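In the two complexes that follow, chain A is the common piece, with chain B as its partner first and chain C second.
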Partner chain A sequence: MSSVELKNINKMYDKVTVLKDLNLKIEDQEFFVLLGPSGSGKSTTLNTMAGLDVPTSGNILFDSEDVTYFDPNKRGVAMVFQDYALYPHMNVYKNMAFPLKMKRYKNEYIDKKINEVANILGIKELLKRLPRELSGGQAQRVALGRALVRDPKIFLLDEPLSNLDAKIRSQIRNELKLIHSDLKKTFVYVTHDQQEAMYLGDRVGILNEGVIQQIGTPQEVYKHPKNIFVAKFLGEPEINIFELDKNDGGFKIGDAPVDGSNLDALNKLTLGIRPENILLKKRSEKDIPLKIVIRAKEFTGSGFILIASTESGKEIRIISDQANMEIDEPITAYIDYENSILFDEHGDSINK
Partner chain B sequence: MLNTRKIKFNMQNIIYLIFVPTFVYLGIFFLYPIYISIKYSFTNISLTDILNYTYIGFSNYHSLLTSGSFIGSIYTTIIFLVLSAIIGQMFLGIVVAYLLSVTQKYFRLIITSIILVAWATPQVTAGIMWYSTLSYIPSGTVNVFLNYFGIHSINFLSLHLALISIIIANVWLGLGFSVLIFSSGISGISPSIIKASRIDGANPFTRFFKIILPLLKKSIITDLLLITLFTLGAFTLVFVMTGGGPVNATDIMTIYQYRAGFSLFSLGIANAVGVIIIVLAISISILYLISLKGD
Partner chain C sequence: MIKIKLRFVVVYLVLTLLALAFLIPFIWLFVESFSPLNNVGFTIPNRFTLDPFRNVLTNGTFIRSIYMGLIQSLGATFLSVMFAIGPAYVFSRKSFKLKTPLMLGVLLLTGFPVFSLLVPTFIFFIDIGLYNTVIGVILFLGVLNLPIDIWIMKNSFDQIPKSIERASIVDGAGTLKSLFYVFIPLTLPIMAVLIILNFVINWGNFYVPFILLSSSHLLPISVRIYSFFGAFSVRYNELAALSIIYTVPAVILYIFAQKYMIKALSGGIKG
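Right, the complex of A and B next:
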């Protein structure tokens, strides 16, 4: 059992506030992903969990035990870093043995444990090598191994895949997911890559400027973002945003009205529509027609990303599997109103 | 095509031309003096008559290496080197740099500046400062303090304490250089390695010996080489503080050399001492490089 709870965490460096009243509860055995752009405070959050940093105020609870001022080694956490952080002067075996030696385990136990983990990770042939003789993927496997040998209660991963190239990245990502389901331990994973977050996370917490924007399952935060920031941060290509002003008592995109029972009180409305929810054929009466001209096509393998512009010159992106689109031909596309997301003037999402 | 190649070829020649002043300078002020020094070390040249001299083979070296006072001088030099350079400046330098690296930025800046001031102080000034601090008659600063607390004055520059005193003074003088080298070495260690070692359960002591020290190997070699050469060539500070005395207590080789040349006027012996210092410096340097090689 090891849940993590952050209560009212504030963190200031000199006069710069990095974390603002952060509250977070990570359940036992959960794979929790902290997602945010650089400078959002996600690594700081992880460091406070690890004990590498002490929050200015607030408490950190592991299983309802207050560990806010505990040393890192007393917390039972293991950490994996973006730059692997292997000790350059020790070979792989010694790197993995280091945390166990610090805990004064017997050599036979250390040996057994390292071989066991090396087998799981497929790094058995590398044990005698020095870190500088490893490729990025191998180095990160070793770093994972160094975390695994300790049987920690909680794994903290600070952008572990960011330095790897695409192929190795998805491979190790899968392995991570499998390791998690085998070990049934609590994982906290920090990343700026929204795709990684959605692939890996049981739940995702989106952080911006030191404030948690939304916490939920990947589906929740993708389909029902709480605000424009979350909507824009998740999804590739980025969500299409239409900023609408009130004209003649209603909102319109082109000539088509945008209806909704909650909209009357608003002066400004923002409509977000994911690229896959702009249709090229009308499907329901509620769909909003939109006159567009397709400017370019990008082939993605399973389909196309169409780059188009509206009559008002706004650039939008559409995901489509149709190959026979003519470039520079005006056509009518349809915004799937059911799946569109509306935001009020503060950027918070509202019901239709 | 042909033209550009020609220009490139000429450019390369110009690059060699740029080196010429350096080599001329090194030749005139470095290689030639060494040659002269080696040549004179085999002669009986005297300061009283530098035009007439004869070659006497190895007899300068022979008389030096059979003289008790010169062997004593070599011992003194080695004690001075080991205690003041290797243990004092280098080891203390690493410790200070490490402690500074974990302190606050402004504190670090102030301490580093203070330590560096010592290094930038002219050695004659530093020597006079230390002399007036440690002086016995009249009482120097330290003895005034001791007297204030009711403790008898100590003659820091006496036969038994003088060597320790000049060692401490030389550590004070050279520490800044080592701290600077090791500070940059430590700041070159990736912060995540330090973080990882903390999470892996290494206390500050273990972290220093198992992680930081091995990673500073390159800095250690650089520092060790340079401060060894500095210390073997040290003269001013010791000369001002003790002049090699009392008796021969602080008679390091450079001071022995100075006395041979300018008190006994025997330039042949003085040059032989110089050659021995150079040979010693080169051998120690090679020893360092061999013992710290590997991996």
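Right, the complex of A and C next:
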């Protein structure tokens, strides 16, 4: 049983502010993903939870116990690193035994525990090997095993899949999810990969320049981003952005007006529309027509990504399952207004 | 073609001559150590004998000087390597005020002509009763190598990835345990090289024991060899025999640590 709460965390290195007034509550048994570009402070956040870094100000609570100044070994957390961080001079067995040895467990217990975990992870044949004799996937399994043998209250994972190739990455990602649902422990997972974040997270926290932008379930943050940064960071291909200026008292894309009850007070409006929400056939009266020319098609397996340009020369991306599109032919596409997202001049989203 | 061949010949001729220049003293030493006493200079003796070795190895004074040399150089080596680990770790992993000036200070000391301190130390040692003691020599020799040891060890600690250190800390090892279970085992090759280098330097050091010791029963082999020249006639064959014995420990250590030497010099720690 363990929840994690960060209260008004600030972290400065010399004079550089890395984390700004960060508040975060991670529920017990939750799989929480911290998502952000590199340099956003997500690893620093994780390190403060682990006790490897002390915040400049603010408090860290585990189950409402203040652990801000606890040593890492007093916190009952286990950590998995991007580069595996296995001890190169110890074989797999000794690597996994290390945290238990530090806690002075009996050898029989250590042996039993390692075999148990090795079975779960399918690394039983590797126990006698040295880290340099392991592939990346195997090494990360061992690192995971070293975290699992300890029965920690909280798992902290720092981009554990980033060094692996695509196939093994999705395999271990699935295993992680299964391990989480088996163990029912709190997981905090740091990544810069938005897809990974949405696959894995019960909730996702998006971090930029040391500030939490939004916290929510993957669906929430994808469908209802709080600002342009979140909208652009999530989704592949990236969301299409139209920056609109006020003309004749209203906003227009091409000739078509953009309506909305909250738009009157604004001077600038940004409209975001995900590639899958640009339609090739009109579905409702509210859809906004858009004259485009298709420039290229990318086959994705289940459909196509169309790269097109608008009359004003803007490049946009459309996800479509239609194969009979002619390249270089002008057509009309429709922005699904229901699913579009509007942002004010500060980049914050507004209601329609 | 001919031009290339000529160059080839010249290069090898020069190299061979150079090699000879270095090898001749060793060859002479070797031949001389198996010669009877009357064989002086660069001549092939009329017969070979083991007498010089027998004389040296049955002479209590010489045996004792070997023993003294071992104690003093090994003691000093132990001292400097032991005391280098702590500062090296702190310099490598912790940040604190004055770190850079302190590190530069250590670096400066590696090039410091320490022998200029030998006379003040001599007087200081007399005052505090360390003059003419084995401990005194060990202390001075140990401190002599400390700066370079700290520096080399710090550099090898620097190569240990940060995440490995962090993993050990999260796994429940404090600073000491992390040092003991992770840092030191990972830098064993460099440690071994350091031990050899220190030992060879200490074993070959002449001035420090020569100035800090006076009783003849404390003199190490490096000083004892010199004492051959004090007599009316020099027993060159025994001098040569003792000199060869003098080189043996260094050679043995090199052989034992060969594996580590190669590792250490061919690229550190792999994660």
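In this section, the second predicted complex is superposed on the first by the 352 of 352 C-alpha atoms of A that agree within 3 Å, B and C clash if a C-alpha of one lies under 4 Å from a C-alpha of the other, contacts with A are read in each partner's own complex, and residues count from 1 in each chain.
Keep this in mind: contacts are C-beta pairs under 8 Å (C-beta built on N, C-alpha and C of every residue); 3 or more make two chains touch, one makes a residue touch a chain.
For clarity, every value in this text was computed on a predicted model and none was experimentally measured.
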Superposed partners chain B and chain C on chain A - clash or fit: clash
Partner chain in contact with A:M79 - chain B first, chain C second, else both or neither: both
Touching partner for A:V54 - first (chain B), second (chain C), both, neither: neither
Which superposed partner A:R132 touches (first chain B, second chain C, both, neither): second
Which superposed partner A:A296 touches (first chain B, second chain C, both, neither): neither
Common interface positions of chain A, toward chain B and toward chain C: 47, 50-52, 71-73, 77-79, 81-83, 85-89, 98-99, 102-103, 146, 150
Chain C-facing residues of chain A, complex: 47, 50-52, 71-73, 77-79, 81-89, 98-99, 102-103, 131-132, 146, 150, 156
Chain A contact footprint on chain B (complex, rising order): 190, 192-193, 195-202, 206, 210-211, 214-215, 217, 295
Chain A contact footprint on chain C (complex, rising order): 161, 163-164, 166-174, 177, 181-182, 185-186, 269-271
Touch list for chain A against partner chain B, complex: 47, 50-52, 71-73, 77-79, 81-83, 85-89, 98-99, 102-103, 130, 146, 150, 158
